[in-house]
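Report on one structure; see the data block that follows.
Per-chain numbering from 1; labels A, B, C and D assigned in written order.
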Amino acid sequence: MPKCTINGQEIEVPAGSTIIEAMHGSGQHIAHYCWHPGLSVAGVCRLCMVEIEGNPRVQIACNTAVTEGMKINNTSAKVKEAAKWGLDFHLINHPLDCPICDQAGECGLQDQYMEFGKYDPEMAERKVKKHKVVDLGPTVVLDSERCILCSRCVRFTTEVSKTNELGIFNRGDRSEIGVVEGKPLDNKYSVNTVDICPVGALTSKDFRFRQRVWYLKDADTVCNGCSTGCNVKTYFNREGLFRVKPVHNKDVNGYWMCDEGRNLYQYANREHRYVKAMHRENGAWTEMTPGAAAKEIAKFVKGAGDKAALVLTGQYTNEEYARVLQLWSTEVKSKKVYHWNSHEKTAADFDGLLIRGDKNPNTKGLQAALQQHQLSGTWAELEAGLQSGQIHTVVVAGPENLQFAADFEAKVALINKAKKVVWMQTAKHAALEKMSTDVWIMPMKSYLEKDGTFVNYSGRAQNFKRVTTIVSEALNLTEAMELFAGNQLTIRPQSDVLVESDRPADRVRLEHRKKNEFVFRRGPL
Amino acid sequence: MSVVQRTGESRNWYLPGIAGGLVITMKHLLKNLLSRKQMITLNYPEEKFEYSPRFKGNHVLTVKRDGSLRCTACMLCATNCPAECITIVASEHEDPSVEKYPIKYEIDILRCVFCGFCEEACPVDAVRMGPEWQTPGLPGADFHYGIDKLAYRPQLKGGIATFVDDEERHKAGI
Amino acid sequence: METKLLTEHYHVENFHTLTGYQAKGGYEVLKKALKLQPQQIIDEVKASGLRGRGGAGFPTGTKWGFLPKNNEPRYLLCNADEGEPGTCKDRVMMERAPHQLIEGMVISGHAVGSKKGYIYVRGEYVHVIRILETAVKEAYAAGFLGKNILGSGLDFDLDVYGGAGAYIVGEETGLISSLEGDKGQPKLKPPFPAVQGYLRKPTIVNNVETLAAVVPILKDGAAAYRKYGTEKSPGTKLFSLSGNIVRPGNYEVPLGYSLSDFIQKEGGGMRPGRKLKAVIPGGSSAPVLTADEVAKANLDYESLAGLGSMLGSGAVIVIDDSQCMVDLLGVLMHFYHHESCGQCTPCREGTGWLDKILHSILEGKGRLQDIDLLLKVADNMKGRTICALSDAAALPVLSFVTKFRDEFEYFVREGRSKVKGKAHAQMHH
Amino acid sequence: MFQLSASAQEKIRSEMKRYETKESAIIPSLFVAQKENNGWVSDEVLQALAKLMEIPHSRIHEVFKFYTMFNQKPVGRNHVQVCTNISCAVNGGRELADHVCKELKVGYEEMTDDGRFSVSKVECLGSCTTAPMMQVNEKYYENLTPESAMNILRGLK
């Protein structure tokens, strides 16, 4: 455990760690583009210059190991000058695209310029022209002129995704990132290259041009895409959710996440959601508020006994399961609870990096809850019960992310056999409107709108807080079941409700002011 | 100006005050009757007041040589707008040299405070404050001015082309 | 005075064949060396004070000493990627005496305990590659290469690898990446090649001349070798004399030889009616010397370093007063712009920037501040990159501009060359 | 569609065995393929190589683009490369190059209509003591004057 002094601060670092790791560990700021903790060291941007006592020349921090008693500083005038020139070399051929560049606002070059630069450009010659708006694949767009050739994305495809699509072609300042003929950047983790790109060279087709980043507010949560449970950051504002990025967690997902998980946020946006409760009687759908609907439902669910069956999917939180199962036994007085698991066969699948075959975030949690209540109803029993007609009321907590519920139609068709069905569903699905029996559809909250705990494949319980509220009318599973059980429940509308997009009512809100100041601090672009 | 509160008897003597007032009235009446030139009243709408060219009136979206919008949908105007009255929806342009352009640029003209921050903020001189200030409309009229109104309203005669030359900018690698 | 230690028999017609080489006592030293312990050879080379002939001039014995003291497989690479403009000594050595190189490599391989060696020849030298390959075949046939060499129980395999045209591959880690079949981009140091080189195994990279020089050293011993040259830089070296000179060519002279004598005696002096203007003493990357500095200069590492230049690869480029320094710097900068591997930003962007500035000056569009800008940019490229190419590009700029500033200023002000008249934008673009 | 001849495939396979790693064989194989494809490397060639050597296409493409001896577009039967680096430049290398182009009526990096010549300026070819010089395909011609150079070139079919 060598000790070293960085900017006068004495710190101890694990043996063999580099200066830049030491500085990050001790929360010190150092400029860098090519270095990324999840990738190998390239040492090409030459920006992370530090001055080491007894060494006349400035060194790069990313490839210099810390030795006992090393005295390092990156605040001296010498280092500042080196960093300024390092930045200038990056900028001389960098286009002034900031107004139309999605990275503007979270761009490494902008940040470093405000820190070291603020000079008049001396470059009077023509900038190098390269390809713009290059279509790399189904998810990513490349702008070679903006690229600073830090080679992060190339290293990602060779080291992490191991797909080798990207390469750096030509040499000198003619070098360009690119893909080769007939092999586009098309793998399950491609958008990570956009995250690690320090400039706006790689942009995600999904997020491209939809928002300026300073309009976005972010909050951490856990991805519900599969049983891995990657830690993610969601970016949203009053117009809706816009993107999802991974958050580092070395025990779960490292620095990365898969593209499937990134696209999950879409179903949570208002246009894909049930906003009102719906009831189908004599062939026509009538809309009503969830509260009113729940009262009606309570009439035939409360105390229904074993005539009523509860179907649960592994997409709700432990807290909900606990309360729901309790109410189901005490108030409804039924023992019939069934686990709808659409991924039993593929549950064990694993692609070696992150993606797992079980597409439910909380299968483990549900199984645990069922065991705790000694509930071991099999799916066959439900089918039999429906056939024989001894089950005539089914309450279903439907799956949130329909992308993965392949057997959705089949299950709907089966449950349609019951006389009364209460279907609690987050995202719209055509199959539900097609149901012919006496069916109620309850609008449910998505995982972004509630606090809770998911238990991932390894039995690791991950707690997450509510991100925001998109559909204030929606209920979570506990609230719904309380109402079905006839309990009174006052649902306070959330303060910060997302309004429908297209006509933003009033954007003057604190966090946006903050973001705006963020822009003003940077002066005119 | 300070108001003198008279007290006591003198409060009842109001006729001199009235007389003084009438004198002023008569003076102005006579002046306007004798010399029309000095009369400051305008017969709106026949006569209209000459505003300074710097007057900050309704917004104008400028256009390029080919008549397409200059705006790149960078949203800096919307960001800086203190009244939050600008709404922009950007989209991908098929021409890679343009890349990004607004499919919707909307100003809620009733909300606008005509501060001119938007034209200050614009990096490509795409939005300016024009000369017109009248924004009449019947009850229920839509005061969310869209692209067609901001850039191509008849008064502009096919849009205002600005001095910035895109070809030059591109050659210079900007 | 020419001192033929390596080049003694180069005039012999069939010296490049095995028979010709052995007729002149070739491979005798090898037989002697195989009886020695590796450490003895290393000590001998250390004692001889032999310094790397490729450009950096790093003491060879010391370099060999860096190898880890274990018996994991290690490689001996011969750097024959002679790309430094003005240098063509290695080419002559390989054309005339391939077996001398092979003998030197076998001995060195024995010394550093390597069982496998490569000669990395630049791809343009097609004929050289052919000569070497035949020579290697001959050596294998005669048992100087392969398993159990001359019954000593030692193995050494040698192979020839042709490059494909990249100056940067002359840098040792660049050469290693190229030999690994990658882009010839230099690798981060540490780890150094002696610890982790070719295929992450310990690797020694030496210049052709360095390896060949091992033969005479072991032949007559370090003391005899030290008789030539100076205290700090002993021995002889091949110099490629080129440029505006009567008798250009490769000459072997002892280090410490006076530069002006070299130009006068070996080179036959300047061409009639021409005056000496400047000399680049060590290949294009070495800072230029003015005429009066040349008078003081000796051809050894210290003297040239003292004058702020370097011996480099020993390529003496003579420039007479008919040449425009702005134009020549333009040529050099185009070269470095063309050859920068594009890895490190300061080099990738800096070389391009310098090239563009000079180009606009040569087109007569220069601004006066461009001259200082050249210095500033070059100064900030120095020592900021993985390999030395950005230094190699920066040093000429600094020396050219500081020593011949008047020419640059004239060019900018008048828009034409002080020497050649009209601004000829005959650049390569 | 470009096809590697059997002999070429054999050569490439042997090269792959010749060195420690098969990646080391990329450069020699590219030379073989370039000969096959009369003097230049097309994308099809690279794909064929990637398939034969079982190395990612992008890797081979990187190597191909990095080195100057692999031609990225068709070249003449006689690919004339004139050195214009410093030692040659001070001895009139650039004038030589311009002269050759003028005489052959082609521009740099261009090919004559009959596909007989293509001319390019190149950096130092290591023939500085015999400047100016040019390289035609694999052969060096040294100590040239514009006239002698043209005489040589006229002699070439």
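Note that a contact is a pair of C-beta atoms (placed from the backbone, for glycine too) under 8 Å apart; a residue touches a chain by one contact, two chains touch by 3 or more.
Just so it is clear, the structure is predicted and the values come from calculations on it, not from any experiment.
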| item | value |
| --- | --- |
| Where chain A and chain C overlap in contact partners, by chain label | D |
| A-B compared against A-D, more contacting pairs | A-B |
| Intercentroid distance (Cα basis), chain B paired with chain A, Å | 44 |
| Averaged-CA centre spacing for the pair chain C and chain B, given as whole angstrom | 73 |
| Length of the line joining the C-alpha centres of chain B and chain D, rounded to whole Å | 67 |
| For chain A paired with chain D, centre-to-centre distance based on mean C-alpha positions, whole Å | 51 |
| Chain D, residues touching no fewer than two other chains | 59, 62, 66 |
| In chain B, residues with contacts to at least two other chains | none |
| Residue numbers of chain A (touch at least two other chains) | 126, 128, 168, 170-171 |
| Overall pattern in which the protein chains touch one another (line/ring/star/complete/other) | other |
| Chains that touch, pairwise | A-B, A-C, A-D, C-D |
| Residues on chain D engaged by chain A in the complex (per definition of touch) | 43, 46-47, 56-59, 61-62, 65-66 |
| Of all residues in chain A, those that touch chain D in their complex | 164-171, 179-183 |
| Residues of chain C touching chain D in the complex | 82-88, 90-91, 122-127, 159, 161-167, 178-185, 198-199, 240-244, 248-250, 280, 284, 315, 317, 319-320, 323, 327-328, 331-332, 335, 338-339, 341, 426, 428 |
| Partner chain C, residues of chain D touching it in the complex | 18-28, 30-31, 59, 62-63, 66-70, 84-87, 89-91, 94, 98, 121, 123-131, 135, 138-140 |
| Interface residues, chain A side, partner chain C - complex | 41-47, 49, 57-58, 63, 65, 81-82, 85-86, 89-90, 92-93, 122-126, 128, 148-149, 168, 170-175 |
